[in-house]
Structures are given as C-alpha cells and as structure tokens.
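Next come the structures, one after another.
Both complexes shown next keep chain A, but they swap its partner, so chain B is in the first and chain C is in the second.
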Partner chain A sequence: MKYLSICSIAFMNLISVSIVCFILSLNFLLNDMIYFIEWELVSLNSISIVMTFLFDWMSLLFMSFVLMIASLVIYYSKEYMSADININRFIMLVLMFVMSMMLLIISPNLISILLGWDGLGLVSYCLVIYFQNIKSYNAGMLTALSNRIGDVALLLAIAWMLNYGSWNYIFYLEIMQNEFEMNIIGVLVMLAAMTKSAQIPFSSWLPAAMAAPTPVSALVHSSTLVTAGVYLLIRFNILLSNSLLGQFLLLLSGLTMFMAGLGANFEFDLKKIIALSTLSQLGLMMSILSMGFYKLAMFHLLTHALFKALLFMCAGAIIHNMNNSQDIRLMGGLSIHMPLTSACFNVSNLALCGMPFLAGFYSKDLILEIVSMSNINMFSFFLYFFSTGLTVCYSFRLVFYSMTGDLNCSSLNMLNDEGWIMLRGMLGLLFMSIIGGSMLNWLIFSTPDMVCLPINMKMLTLFVCISGGLIGYMISLSNLYSVNKSHKFYNLSVFMGSMWFMPFISTYGIICFPLNYGQVVYKSFDQGWSEYFGGQYLYKKLVNYSQMLLLMHNNSLKIYLMLFVLWILILLSFLILL
Partner chain B sequence: MAQVPLAIVSHKRQVCSLYKRALRNLEAWYDRRDVYRYRAVQMRARFDENKNKDVAEGMRLLASGQKELFENKHFQPRNFANSPGGCAFEREVILPDWVLDYWHPLEKAQYPEYFAKREQRKKEYVAWWEKQYGKPDPSDLGHH
Partner chain C sequence: MFNNSSKILFTAMMIIGTLITVTANSWLGAWMGLEINLLSFIPLMSDSNNLKSTEASLKYFLTQALASTVLLFSVILLMLKNNMNYEISNSFISMIITSTLLLKSGSAPFHFWFPNLMDGLTWMNALLLMTWQKIAPLMLISYLNTKNILLISVILSVIVGAIGGLNQTSLRKLMAYSSINHLGWMLSALMLNESVWLIYFLFYSLLSFTLIFMFNIFKLFHLNQLFSWYSCNKILKFVLFTNFLSLGGLPPFLGFLPKWIVIQQLTFCNQYFQLLILLVTTLITLFFYLRMCYSAFMLNYYEIVWMNNSQVNNFTLNLFMLLSFFSIFGLIFISMFFAMF
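== the complex of A and B ==
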C-alpha cells in the first residue's frame, strides 16, 4: 500500500479550504456582507468571555490567498525538503504558522490578534532556526527580538484599550478616532506593524531571516508574515488617515522602500535580493496605506504575495540545483540549463517590475498614479518614483547575473529542470501571477478610480521603469578591462550594500552599550568593591573570628575558669537584680 | 584567542596566503571568469615582480600587500556554500551515535525495548569484532 505523504495531505486540505474561502469571499464581496461571529466561551454571572470572529471579503480573500500559497509551498517542499530528516516537524511548523495567520486575519479583537501575532513570532523563530548552524541561530534571535518589540507594543495597546472596557477595537475606531487614548493605541499598533513589516528602523531582521529554508521564505518572509503588519494597519486605517501618524509612517515607509531598493542593487545573495525587494514592496504598501488608500494597499499586498512567493520558489529551485549556493556571482546562463524555472522566474520578476498586464502592474501602476494625483511633498514623491526605478534596476541586474552569460558555478554541476513536483508547485503560482492582478482589479474595484493626469505624469512611471532597467543592465555590464563600479565608490557601496548599516546598528549598536557597561560593572563592582566588601571581607572576618574561637578552645584552663567566673557573676547579677 | 599566534609562520607561507586571499578577493569583485582571469594574471605578475627581493624589503612588501588587501576587501566576500562563512555551513547536525550512551537511566527507561536491543547489538558487535580482529591489547586501553 502506498501511503500519502504528510505534504500531500496538508496540500489537499489547505487548497480545498482555500477554494472555499475564495468562493465565500466573492459572495461577501458581491453582496457586501460582513459576518460577525460571537462565540461565548465562558459565562459566569455577569462575566462573559466571548471569542469574536470577523468575516468580510477582505479577511476571506486574504485567508484564501494565504492558504493557497501555503498549500503550494507545502507541495513544493515535498521535493525540496525530501532529503531532510525532520520533514514532519517542518510541515507541522508550517501548518502552525498558517493557523496563527488565520487567527490573526479573522480577529477583530486585540487579545486574539495578540494570540495570532505571538504565534506567528514564535513559529517564525522556529522556522528560521530550522537549519541548525550559528548563522541561523543568530538570524532567529534577531528576528524574534525585533518582533518582540512589536509584541510588547501590542500588549501595551491592550492595556490602554482597557479604558474602553473591551478589546474589540473595531467598535471604537470611528467614534473615538480623535481621542487621546485612541491615538496612543494608534501609535502602539503602528509600532507593532512596523516591526512585523520590517520598516525602518526594524528592517534588519528580514534579510537575516533568509537563513530559513527557501519554502519558508516563500511563505513566511514574503507573502504572509511580513504582510501581517500591513494587514493590521489596514484594519486600523482610520487612525492613520489625515493625521500626523500617517505622515510619519509615510516618511519611514518611503525611506524603507528607498533603502531596500538601493541595498538590493548591491547585494549578491539571491535570497537576500528577493528579501530586500520584499522590503521595498512592503514600504510601498505601507506608504500608500499611510496616505489613506487602504484598498490599494490590500490589492498590492495580495498581488505581491502571488508573484513574490513564486519568485522565492524559483530561487529555491535554483539554489537546490546549485548545491545550496546562493551567490548570484556563481550563477549564469541558467535560462539554458533550467528553462522552465527561468521562465517562471522571469515572469515573477517582470510582474514585480510592473510589466503591463502581469499581476504587479495593476496594483503598482494604480498606486503610482494615485500618488501622482495626490498632494504629497516632493521628497515622498521622489522616494516613490525613484524606488520604482530601483526595483526594475535590481530585477534586471538579477536576471542579467543569473540567467544570461556563462555558468560561473563549479564544474560537474548537474543543472536541470527535473524536479517535477517543485515545478508543478511553481506553475500553479505562475498562472496566478499572470492573471491575479487583473482578476483582483475587477473584483475589488467594481467601479474603477477616475485617474486624470497629464501625459508627462502618465508616462513618468514608464520612464522610470525603462531607465531603471537600462541602468540595471549597464551596471551589470562588464568587459575585460572594466574596473568594478562598486570598487570605485567603495565607501558608498559598503554603506548601501549593508542596508545603511542597519544590521550593525540593530545588533552591535544596541548591545554595545550594555556590554561595555556590563564590563565596567563586572570589573569595578563584581570583581571590585562588591568583592572587597562582600566575599573577601566576609571571608577575612570569618577567618579572624574562627581564629579567635580556636584560641578560646585551646584547652586553656585560665580562660575556662575566667569564663566560669564570668557566668557566675552574670547569673548572680541577674538574681540580685530580679 | 584567535589573534594569538600558535605557530611561527614562515615568510614564504605568509606570501602564499596573501596571494590566495588576494585571488579570492578578486574573484568576489570580478564575477565573470574571463575578467577575473585577466585580473588574476595581473596579480600574479605583481607578485612575481618582487620574487627575488631581500628579506627586509620582502617583509615591507608583505605588510603593504596585506594593508592593500584589507583596504580593498569585498564587502560581501564570495564564500563556498558548505565552507565556513557560507550559507549552508553546518546546516544539518547529525548527532553521533554515542550520545545515546550518555542518556540518564531514567531517560533510557522511557524506551526500554530500544535500549535493550541496543545493548544486545553492542554485545554482538563486540563479539564480532573480537572474532574478526582478536581481543584488544590491554596496554591500548589506557586512554579510557
């Protein structure tokens, strides 16, 4: 009898639930329905503990996308992780992750959001440290601790929410939006979302988390976990629109987008380039959200999830074939050796760039046009368009490095497209990456937005994309006598290639002062005063006392007699006095 | 501790090490093979130029070479995936079999059948070994 593998079982379950969720979401969308399910857990006298679930088109659609990507990723893992001895643990962890995500998506209540949120943090830590080398442990620690800041912020928000008597934020958002308490909750929720979505200054964990196995990166660090922050803010969007908070977030997310785009151009690790590209797209979502267009953010979140998961899966297939090597300098000419994987890779890359009629085009173009129509300052406008150009630039650089030219890898490497299970998983997402954008565009925006722009502005997006692509091609170009361009501008390259030194600042930068302080305290207190007056002093005194006692016990008849007389005198004096 | 020199490294070995590191650095900067070869040949020529210098001059050149390498080090050096510094280095830890022998008796008691079989197999293995190679020399057992 042939047994079904855990991957196949999980795949079938998840994909069927995903289809059901998708159909339900269409129903909810078309009929404009929202279901609020209250499940009373405990009712004791007047105290009732109620679990609330919110089902609207947004949560159902997001759920169906998460489940679909998760199912395909699990299907893909069947081959990718086939040599792994702990595959059952791996699949269980991925399923736990999906559960936490589901809980987060359908919660209109801060407590249950925290449950899902913490579940995500914990499981993502376990998944990052799945491979047991030191790099993974360090990356896991950075991930877990960065996300912990967000967890604490959510906990503080829960404490503040006690002012209102319940944690169902959804009831209070609109009526309380100008209250001081609500603003504090807004700040805390924004902080939590910024840590989860890796916005500046919490960006360093996302590229570090690439130490996880590639299917995990495809599911967790591209399409679902990191978008949890964006999703949370979509739910809290009322607090962001037309407020100082929104402006602040716009600046930070714009900078994140810019920083990640620049960093990806100087990165050589295939997975880290894609991670930085994710960071850049997260910045885009956050920034359009902070301008008040939450539906656009949701739209981009969903399309991005599709093509980014595919991009990661292709990267995984390449890495798998390259014997775990992730350096793009070792790749080249893959389009000849792995044509199908390369085709998927290119489609997802083009979708990321906003190539017309692929998934990314619909959301990205719409976002940029809305930005062009809005009143935002020149700096933010520059960040938006420059980052779009950078996206195309690093995508073309990546394609140039890995797909064209000669193979730079060590010899005797068998490169081929033979992983049919992996390919099937990728082809499933390929289909969605092509049609996903138009489908969602027609579904979510039943009446299209009126975009009215002068021809120059309309063409600006196209112009930055084409010039970005050209620059990407040009900087990758090298001939026999060329000097490496980043070698010429060494300091600048190091600065940009290391995410503006953010990984150093958020690790060494934070731990540096406590460690130095600890050293001082250890030296002058633990080993200094505390030792002198504590351990050593006590020891010396005890030695002295015991020496004195020894002296007394030295069988000295005089001392005994003197003590005897002394006692008699004391007793007598007591007798007389009493 | 890493900086403490544990052995005297000859000048020749230091130069060879510098040459190798310089080539690896060039490999990181120039990723296309033909470009790298061109640079590598130039680098070799630079080393060959100073082949027969006296010791004092050689040491000065070595120091300046090391400084130059440090100043031109790639910010993301190209590492082999399974070597130290690479992304897949020590990725999967396979615990050695003898770890099970160090389990606490209470832990072992949770899997009685497994450990009974394990002890039996150990005995069989020792018997097989002694049949194959004879009894070990008692003087060899001193390291235990």
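== the complex of A and C ==
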C-alpha cells in the first residue's frame, strides 16, 4: 500500500490556506475592514483573560506569505530531506513552527502572543538541534537561551499590563502612550523583539542557528522566527515613534545592519553569509520602524521573506551538490554546471541588492529615499547608506566566488541541477521574488509617497550600490593562493569578521563568572563542608550509635532479666516508701 | 508449618490464649490467657533439629515467664492493697504492670531479648512473634493509664528501632528492629485512642505479612541474598522492594496511611515533640530500607546473576502480587474511594 507523503499533504493544505488568506486580505484591504474575535477564558477580579484574534489586512497578508513560503519549503524538503529517516518528525516540527507563527500573527493580546512566542522558541530549539551533534546542541542552546530573555521580557510586560485589567494592548497603546507604565511595557516589548530579531546585543544566535537543516533556515530566516520581533514592534509602533525608545532602537538596529553587513564580507560559510545578510535586512526593517514608518517595515518584511527564502533554497541545492560542503572557497563555476539553480540564486541575490524592478528594489529604494527625506543625524544616515553598499558588496562577492571561475571542489564530484521537486519549489518563489515587490507596492500604498530629493542625494543610492558591487568583485579576486590582504590587518579583520566579538561575549563572556563561581561553590560546599558536616557526618554518627547499641545487645540474657528485676525492685521500693 | 498435627493444636491454643486475654475482665484472667498463649507458642517455635530455634524458644520462655511472674505478683499486690479490688489507684503498681507488659511485647527499654530471639526463628514464627504475639500485651496496656512510662518507651522504641537497624545485615534482625520501631508508633497510637492503634496494627500486619511471605518462600535471611536475589525477574524484585518502602512508610504507598493517621492525631493533641522524634527516626528507617533497594531500583547496579530456575508456585506469586498491589496502591485507592463517597 502506498501512502501519500506527509510533505505533499502539508504542501497542499498550506498553499490552499495561503491562497484563501491572500484573497481575504485583498478584500479587507479594499474595504478597510478588521475582524476582531474574542473569547473570554477567565474573569477574575475585573481582570479578564481572553483569547483574541485580530484579522486585518496586515495579519492576513503576512499569514498568506508565511503559509506560502512554508508550503514551498515543505515541498522542497520532500527531496532535500528525502534521505532522512525522521522526515515525518521534521515536517511535523515545521508545521508546529508555522502554527506558532500563525498564533503570533493574529493575536492582539499579550498572553496569546506569548503562546505563539514560546512555541516559536521551543520548536526553533528542536529544529536547530535536528542534526544531532555537539555543534547543533550548542547552537540550539544559544538560540533557546537568547530567545528566553525575550520570553522573560514578554512575561514581565504581561505583569505590567495587569495595571490595565486586560491584555489586549491594541486598546491601550494610543490612549496610554504617555503613561510611565506603558513606557515600561514598551521597553520590555522592545527587548523581546530585539532578542527574536537578533538585534545587537543578542545577534550571535542567528548565524549559530545555521546548524539547522537548510529548509528550516529558509523558513526561519525569511518569514517566521526572526520577523516575529519586527512584527511585534509593528503592532507596538505607536510607542516607538517620537520617543527616546525609538531613537535607541534606531541606533542599535543601525549598528546591527552595519555589523552584519561588515561581517558577511569576511565570512566564507555560504549559509552564514546569507544569515548575516538576513541580520542586516532585519536591522534595516527595525531602523525604519523605529523612525515611525511601520508600513515600510512591513513592506520590506514581506519582500525580504520572498527572496531570502529563495536564496536559502538555492544554497541548500548548492550544498547538496558540493557534498555537504558550505565553504564558498571550494565553489566556483557553478553557473555552468547547475544553470537553473544559479539563475534563481542570482535573481534572489540581485533582489537583495535592490536591482530595479525585482522584489527588493521597491521596498529598499523607498526606505532609503524616505530616510533621505527625514530628519536624522549624520551617523544614522551613514549607517543606512554604508550598509546598503555593504549588502551589494557581499552579495557580489558571493556571486563571484561561487558562480564564476573554476570549480575548486574535490574531484569525482558530480554537479547538476537538483531534481524537479526542489526546482519546482524554488521556481515558485522565483516567480514571487520577481513580481512580489511591485505587487505589494501597488497593494499596500494605494497612493504613492511623494519623494522629492536633489539629484545627488537621489543618485547616492545608486552610487553606493555600484561602488559596493565593484568592491565585492575586487574582494572575490583574492583566492586561496594569493597573499590574503586581510591578514595584514589581522586584529581588525578578526574583530569585524566575528560580529564584533558578540558570539564570544554572549557565550563565554556571560557564563564565565557563574561557571567559575559554581565550581568554587561545588568544590567547597557540595563536595566540601556540607558533605563532610552534613550527610556524611550524620551517617557516620548514626553508624557509631548503631554500633554502640549492638554492643549492648551482645550481653547474656540473664543480665537483661536481672536489670528488669532491678527496675521492678526500684518501683516496688518507691511503692512501699511513698 | 502444619506438617505436624500437634502444631494445629498449639496454634489454636495460642489464638485462644490471646482471645482469653483480650476478653478477660479480671487481671488474673488476663494473666491466664497470657500463660496459655506463651505455653502454646513455645512448642511452635522449638524444632528439635535446629539448635538455634530451641535456644530461641528457651529465651522466649524465660523472658515471658519472668514477665508473667512479675505481672501475677503485682496483680496480687494490687488486690491485697485494695481489698480484693481491681481498681488501680497507685501509679507505681500500674508502672510495674506496664513494665511487664512492655517486656512481653518487646518495646524499647525491655527489648533486648527480641532481636536475639528473632535471629533463631523461622520466618513464619517471626511473623507470629511480630504481629500476633503483640496483641495481648498491647491490649492490656491500653487498659492502663500510665502516660509517663509509655512516652519514654515510645521515644526509646523508635530510636532503638531506627538506630539498631542501620548496621544490620541479617534480615530477621532487621525486621525485628523495624518491629520495635513500629511498636513505638503503635504505643503512641495507643496513647491517643484504641481504634487508631487497631488500624495501625492491622496495616502493619498486612505489610509485614507481604514481605515475610516472600522471604519465607525464597528463604531469604541475609541482606546479600537480596542483592543477588531473583535477578531473572526484575519486576518481582522491584515489587518486593517497593513493599519495603511501603513498610517504611513512604507517602504514596499504603504504609504511610497508618502513620498519617497517627501524625494527624498527634498534631490534634499538640504532641509535637513526640511527633518530631517519631518522624525523624522514621526517616532513618527509610534510609536503610532505601539503601537495600538500590539493587532493584538502580539501572546500573552490579549484581551476580545466578542460573537458579527455582520453581515458584504460580498461586504463590499471584497471592504475592495481590498483596503487593494493596501495599503499593492501597493509599491511592483508599483516597479515591474516600473521595467518591
């Protein structure tokens, strides 16, 4: 008896729900409609715990995108994970992941958000450690614990939300935005969002999470896990605009964007480069969000999801062909050997760079022009544009390393386009990442923004992109056999290439003191004083007493009987005397 | 046990002796019952082929005879002083009587004969000594009103029972010390009211029976036999040792129920210090029970695997499993039934 593959079932279901969601979102957008569904669970002392669902065009559109990408990723996994014995578990984990994300998207209530939020954290841990080895375990632990900080912040926010008697934050944001309590909630929610979206103090988990299988990376880094933070802040955007909080976030996210773009230029691991580019784009979304343009952030979130998922899928196909090697130095000339995959790869890369009329162009160009028109300081402006240049730089470096030149991998290695199942999954997203940008642009911005800039500022974007591309090409020319120039500035290149030491700080740096102190405590208390004077001492004493008691039992029976008689005599004498 | 027809007679007489004691309305009648009980238990103990059990029966005879003598003496003294009246007015006379009864039951300051004697008995006799032979003296103690000496006896019994069992390797001595410990609990239950004592005694008898039944079948007399015992059937081993924990009074098992009742009653009577001592010493007994359970509960425990294909009667195993079922899940089911009605 033949069974239908779990991948096919999941694909069909998800894609149909995605289409329904998309059509509904168009309807909601056209009619400017919002559905709000509330179910009261507990009402206690004028505090009601309710399960709420908010359906507006934003959540429905986001849901349709997430579901579409998830369905294609699952379709793609059918071949990518076909050799895996636990593919059923894998697909179920991915489905649970998507479900948590759905829960998060449609919840306007902090408690029900926490459900989805924790679900994401938990399932992401299970997915990162899916390939069971030490590296995955470490990466999974880093991911889970970094996200745990955000969970705690969210829990604290829930506790503060108790002041208002309900956790439906959408009712309180606008009216309470100047209250002190609401600002505390804002800080906590921002902290939560920063951990999920890997903003600067918490960035190190994102490249580490590349230990997950590539389809998971495609899903996690495009539309689900990392965008959850951005989405949460989009819902909370009122608290960010025109406040200190927003300025702080602008600085941090700008730095994240810059740091990730810089780090990607020093990286040789294919998946890590793409992960760092995700980080950089997340910084872009966060920074435009912190300036108050939440619609732009949403727009970029959606377009980015399309091409980033495609990019990861192509990377997965390439990794398959390179005998599971991810080092881009071993690639080269791939465009000749696997043309269709390379085409997808290049399109998504160009979309990432903002090549006109591909998906990334509409959102990114709009963001940069809005930034140019806004009043921001020189530093943030520099970060925006320099990072844009860096994006083009590492993308071109990646393309030139992997697509051109000679193949540097081991001999007896057969390269080809992967099977049709993977290609179909990729082609679906290829289509979307070509038309997605313009489509969303026309849908979301029914009246186009007016952009009025002097010619040199208008040209600035083009200039940084072109110069970035040139530099990327030049970097890619250095190969294994020439003297690597970056070794001349070793300290600097280590600093920039290792995400500004963040992986070290957030692992060894944090755990160093507690671990050492724990060792001292363990040595001198658990294994020292408390053991010697606690359990062991008590045991020794009890055994001593037991021995003494047994010594008493070692006598002849007559002594005991004599003693009994003596005792009776004493009692008798008392009886007589008293 | 019933391979000798005379033993049927002696068993019946032993039971009758106890019944005479508990139903007697005069001290002389009670004394008579005790004597009948003693004299019919001794032939049950002694075995002409076994030197140790003969010695044990002699020891038992001497101790009990002394106790009975003093009991008779003090009862006569009582009647003389009170003009042939049984009303106990003098506390010292009641203390003497209590001392004799404590000696008969083997509780703490007068317990020294008890572990020595147990070491020479067969398991079934040991069971009789631990359970049935306690009924008559404890019942008589419940008629007396001597709190002081009883309290001392309670405290000493639980301490001796706990500390004495710590270093034992002989299972019979271990059960003897455990019996002394339980006797302490029973005496404190006795001081509260009689039904609590009865409940405690019944549960204690059931749990002891479950364990000793198994020891008797498999001829287990020493601790090292337990570690290598029946490693072919891990579940049976596990169940046997869970019975141990139940006897020790670990909460989810039935053995906790009588202790629970006593704890509650003592708390109601504000006897916190006594309760503290009872609980602390019970922890010590639990500690050495748990130590014995290592071989059954631990996964990586070094054990010798014997190829002993012992033929155990299926009925016996079923009975044991039934008893163990009560012993392990009894408390839970009792609570459930209690919640139902």
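Rule of thumb we're sticking to: the second predicted complex is superposed on the first by the 500 of 578 C-alpha atoms of A that agree within 3 Å, B and C clash if a C-alpha of one lies under 4 Å from a C-alpha of the other, contacts with A are read in each partner's own complex, and residues count from 1 in each chain.
Basically, a residue touches a chain if its C-beta (ideal position, glycine included) is under 8 Å from a C-beta of that chain, and two chains touch if they have at least 3 such contacts.
From a predicted model like this one, the values you see are computed outputs, not experimental measurements.
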item: Contacts of A:V543 with chain B and chain C, given as first, second, both or neither; value: second
item: First, second, both or neither for A:V565, with chain B first and chain C second; value: second
item: Contacts of A:G292 with chain B and chain C, given as first, second, both or neither; value: neither
item: Touched partner set for A:M552, first chain B, second chain C, both or neither; value: second
item: Partner chain(s) touched by A:F131 [first = chain B, second = chain C, both, neither]; value: first
item: Which partner, chain B or chain C, touches more chain A residues; value: B
item: Partner chain(s) touched by A:F574 [first = chain B, second = chain C, both, neither]; value: second
item: Residues of chain A contacting chain B in one complex and chain C in the other; value: none
item: Residues of chain A that touch chain B when the two form their complex; value: 84-85, 131-136, 211, 266-269, 322-327, 329-330, 401, 405-406, 408, 478-482, 484, 487, 490, 493-494, 497-498
item: Touching residues (chain side chain A, partner chain C) in the complex; value: 542-543, 545-547, 549-550, 552-553, 555, 557, 560-561, 564-565, 567-568, 571-572, 574-575, 578
item: Of all residues in chain C, those that touch chain A in their complex; value: 59, 62-63, 66-67, 70, 90, 92-93, 95-96, 99-100, 103, 110, 112-113, 115-116, 160, 163-167, 284
item: Touching residues (chain side chain B, partner chain A) in the complex; value: 27-35, 38, 72, 75-76, 78-82, 86-93
